[in-house]
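As structure tokens, here come the structures.
One chain, subunit A, appears in both complexes that follow, with subunit B as partner in the first and subunit C in the second.
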Partner chain A sequence: MSALLTVEGLSVGADSVELVHDLSFTIGPGERVGLIGESGSGKSLTALSLMGLLPEGVVASGTARLGGRDLVGVQEARVKRLRGSELSMVFQEPMTALNPLMRVGAQVAEVMTLHGRSRQDARQRAVELLARVRLPEPAEIARAYPHQLSGGQRQRVMLAIALANEPRLLICDEPTTALDVTVQKQMLELIAEVAPALLFITHDLAVVASVCERVLVMYGGRVVESGPVREVFTHPRHRYTEGLLAASRLTPRGTRLPTISGSVPAAGRFPSGCVFRNRCPHATPACETAPALTGDGHAFACWHPAG
Partner chain B sequence: MPSHAGTPPVDATQVDETPADAMIEARDLSRVYRRPRTSLTRPGAVVHALREVSLTVRRGERYGIVGESGSGKSTLLRLLCGLDQPTSGTIRFDGREITGLPERRLRFLRENLQIVFQDPMSSLDPRMRVRDLVAEPLVALGLPAGDRVAELLEAVGLPATAADRYPHQFSGGQRQRIAIARALAPRPKVLVADEPVSALDVSVRGQILNLLADLVDELGLTLVFVSHDLSVVRHVCETVAVMSAGQIVEAGPVDDVWAAPAHPYTRELLEAVPTLEGLL
Partner chain C sequence: MTLYLVKRLGVLLASTAAAAVVVFAFMALLPGDPAEIALGVNATPEAVAELRSQFGTDRAPVVQFLDWAGGLAQGDFGTSYVTGAPIGPQIGDRLGVTAVLVLGGMVLALLIAVPLGTFAAVHHRNLLGAAISVASQLGIAIPAFLAGILLVFVFAVQAQALPSGGYVPIAENPAEWLRGLVLPWLSLGLVQGAVLTRYVRSAVLDVMREDYLRTARAKGRGATGALWRHGLRNASIPVVTVLGLQLATLLIGAVVVERVFVIPGLGDLLLNGVAQRDLLLVQGVVMVLVAAVLLINFVVDVAYRLLDPRLR
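Let's turn to the complex of A and B:
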């Protein structure tokens, strides 16, 4: 199976600080991949670099190819043609991602007219798309402004915009973090159903387990472990993944919760060698050398793996 | 979110008499808001944020309140903390009525009930040093600070040197520790925590929950813990009230509610939370 998205040696940096280091992964057609990490792990920067949306002063290097076309290090004009058509993204906060002064139907239509569809055609298709993301009375919703919709409805509108040009890859960055749990459940089911191929970014392990087939665990700007979701979550090898899984399980009342000591360092303050070694209970002098991500299928970068 | 307006409100106390060890006692609390008018000729719509809610939090109890956005949990919390007045109903705190009292007569409440908010980034003034932040409730109440700040920072696991720094120099988990230290400054009897771990990363969430549990034990505090996540409440609390559409739809020992939810909304809430155990 040839990969849809191939990322090789992707690094993202600002000034002298390296924020994402030498990232390599692939996503096959129709595959749903989760990217897990805590704040400051570099997961959102990874997504933004694929979308060509990195903030000023932040630069990506390496290669990322979507169906044979380069995404990183190419001119803005070329990225612009792909963004919103070949690959698209659903952001975390639908209230800030949507234009408060534009009716939502027009916002869904806009992404289609920008990629060459006629105005009238786009307007009609916008209503169809709103129906596809299961918004009730899509024609009514198309005439509403974002503030008239609930958080869950707004996020569905975001999804309709992302799907408008039938992209080959959908990137979701914490699409349900701001939503209530019952709404989150519906939204996750919808995303799993409509996504062509998916890169799903979240800090919530259970959300990844319910949507994705494969997972990449990021910490300190590096992928520290990757593999099939079930395999990684039941037999974690990297000590960070192990700690994260333990910390996610809420034990009964009166017992101590397992924790990872310390906190995530600020960008650029991660230790040399293994990025996790200053918080790792198993760290030894060997960890001062960076371990490589090794393994076929289920890969990990750790000198003292669990299990 | 489904509406359960038709269901009768649950009396979370389950008894008519006030128990002798009641710390917070709310009776038939209702709060009605009026939306801003959208028409010149008609008044704005009326919102029933809270409908006849009753609950009793006993001394030393860890009481959880669970609900989604719009369920009325924040309104209830504001009333219990004396930050808003109910449209009808009464609240007694440690045996004393707090409804209808002016701010100058709420000193006993301010001394004995303190709050930890959800987002430590916005609840801590970025221009104040940690020393002044933690001492602020003492200053506001005219209490002597003395060595209290150093004592509090130690209690929440922060180095004494933290006192001279500003909030932005700390991580999210450390900021929440500062917020907890500040809440504990006037030696309150009741600690109210409003989604204290929702904004935190998983790897530090456990640290803060462990810290809260330790402090509640050591200081013999009564804890009111608000969360949208029933599994977090199950870890922290012994009693839970589930809120929906301005009412408490189910209340009782958290293990019972968890094992056998009686109300359809509670069941829905439990099923919606993705758990690793259930998925793998």
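Let's turn to the complex of A and C:
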């Protein structure tokens, strides 16, 4: 099976600080991959570097190819054409992601006219798309302004925009974090249903378990473990994954909540060698050398794996 | 929207009426009797009394006010105590001149501020962007009349390229009319443009950080295209507020600039009225200036609603 997205040696840095280090992974056609980790582990930067939307002063290197086309290190004019057509992205904050002065329908239609569809055609298809993301009365929603919609509705609009040109890859960066729990589930089901291939960023393990087939665990700007969701979640090998799973498990009343000791260091303050060793209960002097991500299917980068 | 317009129009009328009361009361409280001023120190009490009844200033203040305000509503500003000429037509003539001066200055300020401010925001990390900020800071520190004097020195005295003052009506000679207005427009527009540049810059900077600009880029727009299509209208909302305040400032600034360039506008009329103790004339001009400021505020408020659907 040839991969849809191939990322090799992707690094992201600002000034002299490396924020994402030598990341490699693939996503197959139609595959749904989760990217998990605490805030500050480099998940969003990874996504933004694929979109070519890194903030000013932040630079990506390495290669990322989507269906044979380079995404990293190419001219803005060339990636621009891919954004919104070949790959698209839904962001975390639906309340501010839409232009408050523009009708919703026009904002959905815009992504289609930008990629060559006629204005009238795009307007009509915008309403169809709003229906496809299960917004009630799509024609009315199309005429509404963003402030007239709820957070969940706005995120559906964002999804409609992302899907408008039938992209080959959809990237979702914490798309449900800002939503009410009741709305979250509907949104996740919808994403799982409509996404072509998916890169789903979240810190919520339960969400990954329900939406994705494969998972990448990120810490300190590196992938520390990857593999099929079921396998990684039932038999975590990396001590960081183990800690994350323990922290998210329901614990009996009266027992102490399990946590990972310490906190995510600031960018550039991660230890040398294994990036997790200053928080890891199993760390030994061996961890001063960086472990490689090894293993077929289920891979991990740890000198003292669990299980 | 229609309901809002009706309400806002009501507020405009009420505040204009209130302003008329205040303007009238202030003028009435000032010492000095128009009849005594007109007749001089040697006038007999009988003559003064007769002139008073002729002017109508012997009546109760309330009656005088109602008479004046009723006239205003019909565009009649009364007759000057000093010259005996009707005030309305004088104000009408001068208002046009001042309006051309102020609006021209404002347009110039916008023409300077919008491109420069946007450029400074987009290039806020570069030297050139910083240089624009510094230059606009300098512009803010210079009052319009000083700018006017400097401009006269450079362009009229040194270069002899433009007239240092005077006003030619457009009907008489359009080319001379324009030449005469260039320096006054510049002295109003440069200073206001400098102030406005900073507001435009910060408004555009704010908008550039908005999530919806990132959304626009994720759709496939370039940075410039996203800012153009989604940023400028959003950035214009805070700028419109400042624009309204600035128009009011410009109106007052025009009074001074008219003096510098010998332009027969409202400001010139006002200062002449003060010098000649022409109380009713001063009262009328002040009323027109106040009403203009209220009208500007009205337009700004309506413009908000048109720009921002969240307010509708």
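As a working rule, the second predicted complex is superposed on the first by the 307 of 307 C-alpha atoms of A that agree within 3 Å, B and C clash if a C-alpha of one lies under 4 Å from a C-alpha of the other, contacts with A are read in each partner's own complex, and residues count from 1 in each chain.
We take it that a residue touches a chain if its C-beta (ideal position, glycine included) is under 8 Å from a C-beta of that chain, and two chains touch if they have at least 3 such contacts.
The shown structure was predicted, so the numbers you read here are calculated from the model rather than taken from an experiment.
In this superposed model built on subunit A, subunit B and subunit C occupy separate space and fit side by side. In the superposed model, A:Phe91 makes contact with subunit C only, not with subunit B.
Within the superposed three-chain model, A:Leu4 lies out of touch with both subunit B and subunit C [touch as defined at top].
By the touch criterion defined above, A:Cys280 reaches neither subunit B nor subunit C.
Once chain A of one complex is fitted onto chain A of the other, the partner contacts of A:Val157 are absent, as it touches neither subunit B nor subunit C. In the overlay built on the shared chain, the residue A:Met51 is in contact with subunit C alone; subunit B does not reach it. After superposition on chain A, the vertex angle at the CA centre of subunit A, spanning the CA centres of subunit B and subunit C, is 70 degrees to the nearest 10.
In the overlay built on the shared chain, the residue A:Val223 is in contact with neither subunit B nor subunit C. Looking at the shared chain after the overlay, A:Ala299 reaches neither subunit B nor subunit C. When the two complexes are overlaid on their common chain A, residue A:Glu38 makes contact with subunit B while staying clear of subunit C. Here's the short version: in the overlay, subunit B gets within 5 Å of subunit C at its closest Cα pair.
Across the interface of their complex, subunit A is touched by residues 1, 68-69, 171-174, 201-207, 209-210, 228-229, 231-232, 234-238, 254, 268-269, 271-277, 279-280 of subunit B.
Subunit A contributes residues 51, 53, 56, 76-77, 80-85, 88-89, 91, 93, 96-102, 110-111, 114-115, 145, 147, 158, 161-162 to its touches with subunit C in the complex.
Residues of subunit A that touch subunit B in their complex: 38-39, 151, 180-185, 188, 203-207, 209-210, 230, 233-234, 243-245, 247-253, 256-260, 263-264, 266.
The part of subunit C that touches subunit A in the complex is made up of residues 125, 210-212, 214-223, 229-230, 233-234, 307-310.
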